[in-house]
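What follows is a set of structures for review.
Look at the two complexes coming up: chain A is in both, with chain B in one and chain C in the other.
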Partner chain A sequence: MQPEKFFYDNRIVKQFGIATIIWGIVGMLVGVVIAFQLAYPALSFGIPYTTFGRLRPLHTNAVIFAFVGNAVFAGSYYIFQRVLKTRMFNDTLSKIHLWGWQLIIVVGAVSLLLGYTTGKEYAELEWPIDIMITIVWVVFGINMFGTILKRRERHLYVAIWFFIGTWVAVAMLHIVNSFELPVSLFKSYSLYAGVQDALVQWWYGHNAVAFFLTTPFLGLMYYFVPKAAERPVYSYRWSIIHFWALIFIYIWAGPHHLLYTALPEWAQALGTVFSIMLILPSWGGMLNGLFTIRGAWDKVKEDPVLKMFVVALTAYGMATFEGPMLSLKSVNAVSHYTDWTIAHVHVGALGFNGFMIFGMLYWLVPRMWNTTLFSRKLANQHFIIGTIGILVYAVPLYWAGFTQSLMWKKFTESGQLQYQFIETITSIVPMYILRAIGGTLYLGGALMAVYNLAKTMTKGSFVANEAAEAMPLKLQAMPAVKMHWHSVIERKPVRMLIFSLVAVAIGGAIELVPTFMIESNVPSIAAVKPYTPLELQGRDIYVREGCYTCHSQMIRPFRDEEARYGEYSKAGEFVYDHPFQWGSKRTGPDLHREGGKYPDSWHFRHMRDPQEMSPGSLMPTYNWLIENDIQVKSTPAKIRAMQTLGVPYPKGFDKIANDDLYRQADSIVASLQKDKIKVSRDKEIIAIIAYLQRLGTDIKKQQTTSDEVH
Partner chain B sequence: MTVMIVLLSVSLGVGIFFLLAYRWSVKNGQFEDDQAPAYRIFFDDKKQQPK
Partner chain C sequence: MKFTNYLKQIHNVSIYPLISLILFTAIFTIVAIYVFSADKKKMDDQAGIPLQ
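Coming up: the complex of A and B.
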């Protein structure tokens, strides 16, 4: 038999690679801006589009889906073709994948700046974009499985398995977490409410880390680390075992994001147990990578690619040791809601993901442009500056996390809270400044990479189609080479069964989930009532401005939290919250019992100028809420949507909802007038005040009534 | 907490998918040789060596 000649498609790798670099710089730049905003709130410039609450989702989405996403696609398209010994299944699909993904990024970025958000962390993009993501992901899947089917190498190298795992799991996560009811083109409500929404969101959030930031990177690692070290992976058998272990354990660990919350105990315990088990497969991958490089330490001294890989793997090891530790309830009690979490994820993102990507690009670009790296010295300097950047970023934040948490929990001898919330924030501002400097250093390193890689590209000549040859697989063993993909599946009963099961499961879920969820959204606390139309509008403003990026709405059952915020939060209090807004970080205080704590006028002045009411506050001004009108036209549609989701507004309430809205607005206007504040009743500030004054008050009412009885 | 049923069944579904994938890969003989695949990724290197 003659070897077949064919060409690898390098252009698609190049395009995804360039997209990686561009979006990487954008995402990191936004990160640096918001890091400085946390120390100097004036940097929000007093306009909606540049405040922390909108830029922070832009930063996380840009870094995760644009920077890391494009890098995964670049790396996997390169790897697929080489280890499967074939060109990608279909060039047109590759192009649709590339440009579709970039379109999603651009539309997503603009929509986040405009305040179109679902209010669920790392899944903020609104429903039309969710559909676009699904379509592009399916295109990627067809291209990937098509390539696997037409391969010339029977064995699937372990990296391929990691990409298969990534694709399947991300598809499932994205679909389940994106069930939402559209109200208008750019507004939807999560199908799930309160505690259920929280569970779905963190099942998604945790597994997004697992299957978007981890498994594909282990796939990249198993190809590029051996290649760069010029030696085979330390133990191939080990790589197989740790892949399957990782896949089976990861999906169950999500509830560790909700320890001490209103989530049922057994679900929390399940999350903890699986999180601790995860340390084995995670470290299996890290050690396998490091042991592969172990035989090439002499090269590590000189080669920036290997240096980056060593730090990346070490960061992966640290983050995956820390993760299980943070899942222990006693540790989580201290770490949760603090900057400890932010430090933890950045060890992973800057160290593992970032350095894997830069190492990969420094290795790939010279090869695809048929030349050598423009400056090895510059790359080594990037490595040093980047590593210092990570340390200057992470160490102060760990310190800040500990400091703030210990201050929160400190009582005086007479049993009073020792510190006001604002003191716990002002004391960590110096750490915030250091962190911002660390991030700037890291960004500086990335810019050096841009220059270095661009120079390498201009000095070499790009090989768009790289010639290769391989023996075809024997026909009887691999009919896929000649046949339409579907007839291949049909000939394999087991595979056919699997694919149909998956199809049926997805279809069934789409049909069943809505019914399930709506019926189960019944209140368990009688005193908890639906939001009034004005409060609902206020809540949507709260979501739009990204308040959840700094404020939690979940009081844990600890002595200090009850003393500081009030009675701990109950699951039954959130049944009308589409989406839930528990948050995951307290740069500001918890707001779940905010209602009735301060007069309306306090909130008005605080929104206009937070530092006036609370000197040293890091909150930016929200003075446009005083100018903007409430979108009253949307009220009926919103009420109807909520009714569809099972919120018990009376029949026909949508028609009179705005009358109710104005009645409540008038009473707030009157109360503000008493404190000499003049504002008209149709301004957004009225709605947000109504919402904040409602927060957590329902069960207070219940207590008052029962007190009266006794 | 009906959402637990949804999440458990979806997670189990994916788990079963991977289990079947694992079964397929074992039966297909994917793991019979746990040495050569690690070396095979180096076979295409000659042409790519930069001058």
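Coming up: the complex of A and C.
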């Protein structure tokens, strides 16, 4: 029997790898820019396309889906071929996957800058792009399973399971979270409203971290760490438990993003319990990776690849210990809405994801170009500057988070809030500057990697098709030892896929179903009415400008929050919010009870020049709202879409909606005129003022002592 | 009007967290039993796949 000869496709790995590097630099650069914007709001340059509210979603989407996404594809295409001993299933599918994904990134980036957004964190891309993502993801799936089916290695190595789990879970999350009703080519409303939307969104958001940023990286870890250490994984037994426990537990933990909100108590408790349980598989996985390097510590001193992996796994361990701690309600009460969360995610993103990627590239490039790394010294310097960058980034932000939270909660002896919101922000600006410097250092390290890898590529010669040989599967003898049931699953990839799907789907369903079942049972608060057409237009501007990236609309039931913002938020107040805009960070104050706090003229002046009304404010100007016209043509379609979603506008209201809109606009124009501000009634500023003045006022209109409200 | 009140209207809502706990415990136990009864040589062979 002759072994079959075949070739590994290195070109696709190279292309995804180069895409990772390019988008990584872009994503980190945008990150550095917005970090400086937080300290110096003038850096938003007074134009819509470069304000924080639009650049922040660009940053998160670029680093998650472009930098990390392309790295996962590069690594997995390399790994599939090697551990399955075959070329990828179909070169054309590989190419469609590659270029389709890059097209999504470019269209996504441009649309975010133009203000086309669904307003749901980490899922901001609008519906046509959501469809493109689905198609490309299916192409990736076909290519992956095709490769698995034509493999020459009977057993599916653990890394492959993590990629299968990733594919299944991301497909499910993306589809469920993207249900939206298109209003126009680039505008849609989430099918879910308020509490339901929040629950689905954070079930998605949390599991995007789990299944896009974590499980595929564990797949990379289980291949590249043994390769770099030149020894097998410490315990293959652990890896099996690691996989099943991780995918099974992760999917339940989403509600920990919504502690103390209007989310049902049982769902919050479920989220907390499963989050604590997550420590075990996460640390099992981390230790499995670190113990793999045992006996090779002498190499760690020399080899930048292993150094990066050690720090990456340590960062993974820290982030996955901190995450469950943040899920404890008492800790979350302090951390939520502050920079603590931002510090936490960047330990994971810069430390775990970033360093896994750079370590992988330093290992892959010399091998695919059949040479050695251009400069090991430079790579070691990258490692040092990157590690310092992470520390300079994270430590000040932790400090900022604690400081701000403590200041928020501080009362004077006479029972008054001690600090104005603005004081809690101005006191942490120095921390923001340090954080931006930390990010710049990390970016500097990444640029060193670009130079080093480019030099390595020019020094070597690329091996596009790498020769290999293996016996075909049908000629391989079945192993003599008795089969365990898990071995059977491991040899049947389709069954593996289905079991993984069942594991994640059960978690998803049990978490989501009761919330949907109660939807019809929510006794609506009688005073909560649909938005007027002008308020609806204003709300869409609020979403477009990404106001939710700095302002929450969810007052938690704490003494300080009630004293500062007003009565805590009730579930029944959000029933017409498609999408919900609870937010997750307070760089500015909560806005849920903003309505009626200030006169219309205050909002006008504040939008034009925030520092004039609130000295020291970090908010950029939104003076284009004074220039731009409200797109009244879209009003009827928006009303009809809302009716389809169950918002009780009267029949035929779409036809008279703009009359209503102008009536309300006129009254705002008149109120502004009293304060000597002249503006025409069709400007966007009028709509946003209408929306802000409406926020949280519904329940003020009714007797707040009513049982229905409390 | 707390959200927990609405849940009283769902028949036996407490079954949901119970199902999750039982399922997880079952899966975890089965995997653990498998893993610790698996053949050592086979495990070593599989762990060695990337290094072949």
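Criterion: the second predicted complex is superposed on the first by the 654 of 710 C-alpha atoms of A that agree within 3 Å, B and C clash if a C-alpha of one lies under 4 Å from a C-alpha of the other, contacts with A are read in each partner's own complex, and residues count from 1 in each chain.
What we mean here is this: contacts are C-beta pairs under 8 Å (C-beta built on N, C-alpha and C of every residue); 3 or more make two chains touch, one makes a residue touch a chain.
Bear in mind the structure is a predicted one, so any value in this text is a computation, not a measurement.
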Touched partner set for A:525, first chain B, second chain C, both or neither: second
Chain B versus chain C as contact partner of A:203, first or second or both or neither: first
First, second, both or neither for A:290, with chain B first and chain C second: neither
Which superposed partner A:164 touches (first chain B, second chain C, both, neither): first
First (chain B), second (chain C), both or neither touched by A:570: second
Which superposed partner A:249 touches (first chain B, second chain C, both, neither): second
First, second, both or neither for A:367, with chain B first and chain C second: first
Touched partner set for A:155, first chain B, second chain C, both or neither: both
Contacts of A:265 with chain B and chain C, given as first, second, both or neither: second
Overlap of the chain B and chain C footprints on chain A, listed as residue numbers: 82-83, 153, 155, 157-158, 195, 223, 226-227, 230, 232-233, 236-237, 240, 244, 248, 252, 264, 513, 517
Complex interface listing, chain B residues touching chain A: 1-7, 10-11, 13-18, 20-22, 24-25, 30-31, 33-42, 44, 47-48, 50
Parts of chain A lying in touch with chain B, wherever the complex brings them together: 82-83, 153, 155-158, 161, 164-165, 168-169, 172, 176, 192, 195-196, 199-200, 203, 223, 226-227, 230, 232-233, 236-237, 240, 244, 247-248, 251-252, 264, 267, 366-367, 370-372, 466-468, 494-495, 498, 501-502, 505, 509, 512-513, 516-517, 519-520
Chain A contact footprint on chain C (complex, rising order): 1-4, 6-7, 9-10, 13-14, 16-17, 19-20, 23-24, 27-28, 31-32, 34-39, 41-51
Residues of chain A touching chain C in the complex: 79, 82-83, 153, 155, 157-159, 195, 222-223, 226-227, 230-233, 236-238, 240-241, 244-245, 248-249, 252, 262-266, 269-270, 273-274, 277, 479, 481-482, 484-487, 503, 506-507, 510, 513-514, 517-518, 521-523, 525, 570-572, 707-710
